[in-house]
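One chain, chain A, appears in both complexes that follow, with chain B as partner in the first and chain C in the second.
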Partner chain A sequence: MTKARHTHGVIRVAAPLAVLASLLFVLPRSGPWFHAWLPELSHPLYTRTSFGALTLAHLALVTIATLFAVAIGLGLGILATRPSGRSLLPTVRAVAVIGQTFPPVAVLAIAVPLLGFGAAPTLLALVLYGVLPVLGQTIAGLEHVPAATLHAADGMGYGRWRRLREVELPLAAGPIMAGVRLSAIVSVGTATIGSAVGATTLGSPIVEGLVGNNTAYVVQGALLVGALALSVDAVLGAIERRIRRG
Partner chain B sequence: MIEFDHVTKRFGGHLVIDDLSLRIDDGEFFVLVGPSGSGKSTLLRTVNRLVPVDAGAVRIDGEDVLSRDVETLRRGIGYAIQSVGLFPHRTVGENIATVPRLLGWPEGDIRARVTELVELLRLDEPGIADRYPATLSGGQQQRVGVARALAARPRIVLMDEPFGALDPITRESLQGSLKAIQRDTGTTILFVTHDMDEAFRLGDRVALMLDGRIAQVGAPLDLLHRPANDRVRDFVGGTRARLRELAVRTVRDSMRVGEPAEGEAVDVADSLQDALAAMLAQRRDRLPVNSRGERVGAIVLADLVANGP
Partner chain C sequence: MMSRALPVFVLSAMALVAAACLPFLHVAPNRLLSGHAVSPLAWPLAAAWLAVIAVTAVRIPMQRVVVTATAWFGIAGLPWLAGAEAQRILSDASATTRVQPGAGFWLMWLAAALLLLDGLRGRRPAVQVAAWIVAGFTIVVLAAAGAFDGLSLVREWRAQRAPFAAAVAEHLRLAGTTLVLALLTGAPLGWWVWRRRRADGVVVGILAFLQTVPSLALFALLIGPFAWLARAWPALGTLGFGGTGAAPAVFALWLYALLPVVRYTAAGLDAVPADTRDAARGLGMSRTQLLMRVQLPLGWPVLLAGLRIVAVQTIGLAAVAALIGAGGLGRFVFLGIGQGATDMVLLGTLAIIVLALLVDFVFQAVLAWTERRA
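Showing the complex of A and B:
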């Protein structure tokens, strides 16, 4: 029973990773197929940058953005749930909600004049979007820790930071990890738009394909973004399940 | 020794503790009893500074609790609450080990102490120390809560309705365990309940709290026999006071030494309430009394009815 569940869990992680790996192997060799499908295209295969390099660049951007988002979201979430920071809570919540209604393209449009073209404005947009789920889940997780547990911890002489580290954060870890996962997934999707302002990501073939009317490029980029999103989701999901089980 | 010296506490405009003074001696099992909202929990929490007082002082061994480092103070005082508040992410053993860990006891001592407490509180299902709180019954959780409060051998233990949500049988068994542990270790226990029977069963002394003041303090029989006023009389039982008294007194107090009787014997250490129950169950008005298995006398219904002031 537990063995079956374990096997199931391994497959859930391994399958998307296997799909991603196969795509990275097959796509560079798939020029003839795309030519057969779309014979009117003179270049049916995206070759400006290798798919492997694009995937790595994409992943690097997402990883850096998620790390920043986690640091900021977790920090703000902790601050807003401390007795001294309670008054910030409604403001923080409102900003988080308003932030989410702001389209990523608008953030890029504002960021480019400030930061120029390339990875920097993309990173800014990713971090801004990535913070929201982490922040929301951190607050929700910390507020869900049973009041009696906190009262008992205080009564037994936990200091504030020790209580946070040893009681509150472990008990909120499941929801927080769900926020981290969501943040990373959103970033994988949003990072593609970064190519519109000059960042090198898996969005590059998509953007170029859209501009140049090359459906093959769009399909190649989209397949990889999809597989990458599923892989990131599976790996972080496995970590989350592990944490929740304790 | 715990000393409340003209302690006052308000929440908002609401006076919850009203210029209250009280002394609790070392090794005493002291029970605070009173109706809901009378301020019992609030008073208890002024001792470990979960509630700061507005005026007056709380002293332990003559030293104001405010002058102690708050974490050191709390680690030195056991604390058990009705909602228990076990750590859901830690095993039973780890929960019990909480304060010894905070105090930095060596790992071997902690393990030995956990084993000892698991036995002492009759948490003797095999492997229970490695289970998580969610897998325990309510009664077991409360036992773990008490074990956790006692773990670091504190000289003072605060207990706020620790047996609140239990059925009468489990409750009585836990009361018995706690009373025995307290007697053996000489721990000072300040115990809050709104159950008058529990108060009289456990307390060396009992304080009845009404509206943030101590209405009367004394041994259980003092409150029963000499209530300070009508409100106290109502609270300690009114017409049920004598029934309660039977729970406090033992067969030893009322038996007729050397007299014979028929039926199943009661023990000299049993409460008179138990003896009365045995008489009713056996449909007899006198029963033999045993001490350590030997016949020593008889207990007679008429004496229970007639005795007392």
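Showing the complex of A and C:
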């Protein structure tokens, strides 16, 4: 039983990664196929930047943004649940809730006048938007630690920091990881749109294809970014399940 | 006392830094060039925020009321100040000059809004709603009186009034169609999932899988199939089923909206305890009667909460649909980005945000109303 579940879990992670890897291998060699499908296109294969480089750039942007988002979200979440920062909790929560109603496109568009075109506004938008799920889940997770557990830790003479580090954070790790996963997935999607403001990501073939009426570019970019999103989700999901199981 | 005042200190300090260090306004020679920063009121504004900090630090009577009132005046007053300063700058500048609010303005405005939110906490709901509505109304009155006419955002709106109104209507049509379709299909699907106890089944799995695919990719991938459909059945083409346009956009938005609708429908049906259902069945209610008379009234708030999330999410995602030619406010954003016209981007963006917040507010109001009645 557990072995079957384990195999199932491995497949759930390996399948999207395998799809991504095979796409990265096949797509650069797929020019003839796209030519056969869409003979009217003079350039049936996106070659301005290699697909591997685009994927790496996309992944780098998402990774950096998620690291920042986790640092800020976790820090604010911890701060707002400490006795000294408790009065900030309603305000922080309001920011997280109202912030979620801001569409990612809007956050991206606001970042452009501040930072100009390119990767910088995309990164800012990814961080700002990525903080919200981490923050929300950190607060939810820390609030859900049973009071009895906290009292037990206090009774055992744990200091504030030791209680946070050894009791509260481990118990809240599942929800926090769910927030990190959501943050990363939203970032993968927003980074795709970021190519519309000049960031080089897997969205670049899509946007260039849409502008230049080149369906082949669009399909190539969309397939890769779809596979990347599913891979990121699968890997982070596996980590989350492992944490929740303890 | 000290800890109660912490939010005020943090927010005022943020506003103080914004007033002193960030540009209040941007002045550009025309619509497309980027301008230079001007902060004509940096010191008075910084002094005002320092005063708020001081009032909070020393104990005076009615301290909280003073801070909340200041925040309220900030919400209405900051745009007025920006508008007045813009007029002053424009009075001796060329006709093409554009003045737009800078980062300092936006941050201070945000701080004022959060301060008001904090200050109103614990008051009666009627007082809270009244404070916000009066603030919004004041801004509308100021706008009607021409107080913001100097700001480039208003000028952009003046210049593009007709296309802007059309874009708003288009955006609402996209989101509305999606929402109705998602409710009509998602609610029965959710009922089926609930009946079969398939919350982790294939249907939900596929929908969750789709949720992960980036919106731009899904929109883009639908172009091919929809173009093929239009070629294969020309009748569909006359319905707007081209490769690009509203049809693939609504289809993709519908796919994204389905999962929350299904999940919240199932959760809403679960909101009625099993013994209540048994009791109703024991009273001789048919399954349909049970659904209509017991489960729907009791589970309605949960479904409504789900619809609220779906509506806000759809309004945001519909902006991306502009990239596949579906129109809407996203067209303003992306056209503006393409032309480097910041005002146009801002006009589209602000409209999307306001729409999302308004829809959120309406759903919350309906939710509060139904819960009160129940």
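Definition applied: the second predicted complex is superposed on the first by the 246 of 246 C-alpha atoms of A that agree within 3 Å, B and C clash if a C-alpha of one lies under 4 Å from a C-alpha of the other, contacts with A are read in each partner's own complex, and residues count from 1 in each chain.
The rule is simple: a residue touches a chain if its C-beta (ideal position, glycine included) is under 8 Å from a C-beta of that chain, and two chains touch if they have at least 3 such contacts.
Note that the structure is a prediction, hence the values are computed from the model and not measured.
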{"item": "Joint occupancy of chain A by chain B and chain C, clash or fit", "value": "fit"}
{"item": "Partner chain(s) touched by A:L45 [first = chain B, second = chain C, both, neither]", "value": "neither"}
{"item": "Chain B or chain C, by number of chain A residues touched", "value": "C"}
{"item": "Which superposed partner A:I206 touches (first chain B, second chain C, both, neither)", "value": "second"}
{"item": "First, second, both or neither for A:P146, with chain B first and chain C second", "value": "first"}
{"item": "Touching partner for A:A119 - first (chain B), second (chain C), both, neither", "value": "neither"}
{"item": "First (chain B), second (chain C), both or neither touched by A:T101", "value": "second"}
{"item": "Contacts of A:L132 with chain B and chain C, given as first, second, both or neither", "value": "neither"}
{"item": "Touching partner for A:P170 - first (chain B), second (chain C), both, neither", "value": "first"}
{"item": "Chain B and chain C, minimum CA distance [Å, superposed model]", "value": "15"}
{"item": "Set of chain A residues, in rising order, touched by both chain B and chain C", "value": "none"}
{"item": "List of chain A residues in touch with chain C within their complex", "value": "83-88, 90-91, 94-95, 98, 100-106, 109-110, 112-114, 185, 188-189, 192-193, 196-197, 203, 206-207, 209-210, 215, 218-219, 221-223, 225-226, 229-230, 233"}
{"item": "List of chain A residues in touch with chain B within their complex", "value": "146, 148-159, 162, 167, 170-171, 246"}
{"item": "Chain C to chain A touching residues, read off their complex", "value": "3-7, 10-11, 34, 103, 114, 117-118, 121, 209, 212-218, 220-221, 223-224, 312, 315-317, 319-320, 323-324, 330, 333-334, 336-337, 342, 345-346, 348-349, 352-353, 356-357, 360"}
{"item": "Residue ranges of chain B touching chain A (in the complex, touch as defined)", "value": "48, 50, 70-76, 79, 81, 83-89, 98-99, 102, 132, 145, 148, 158"}
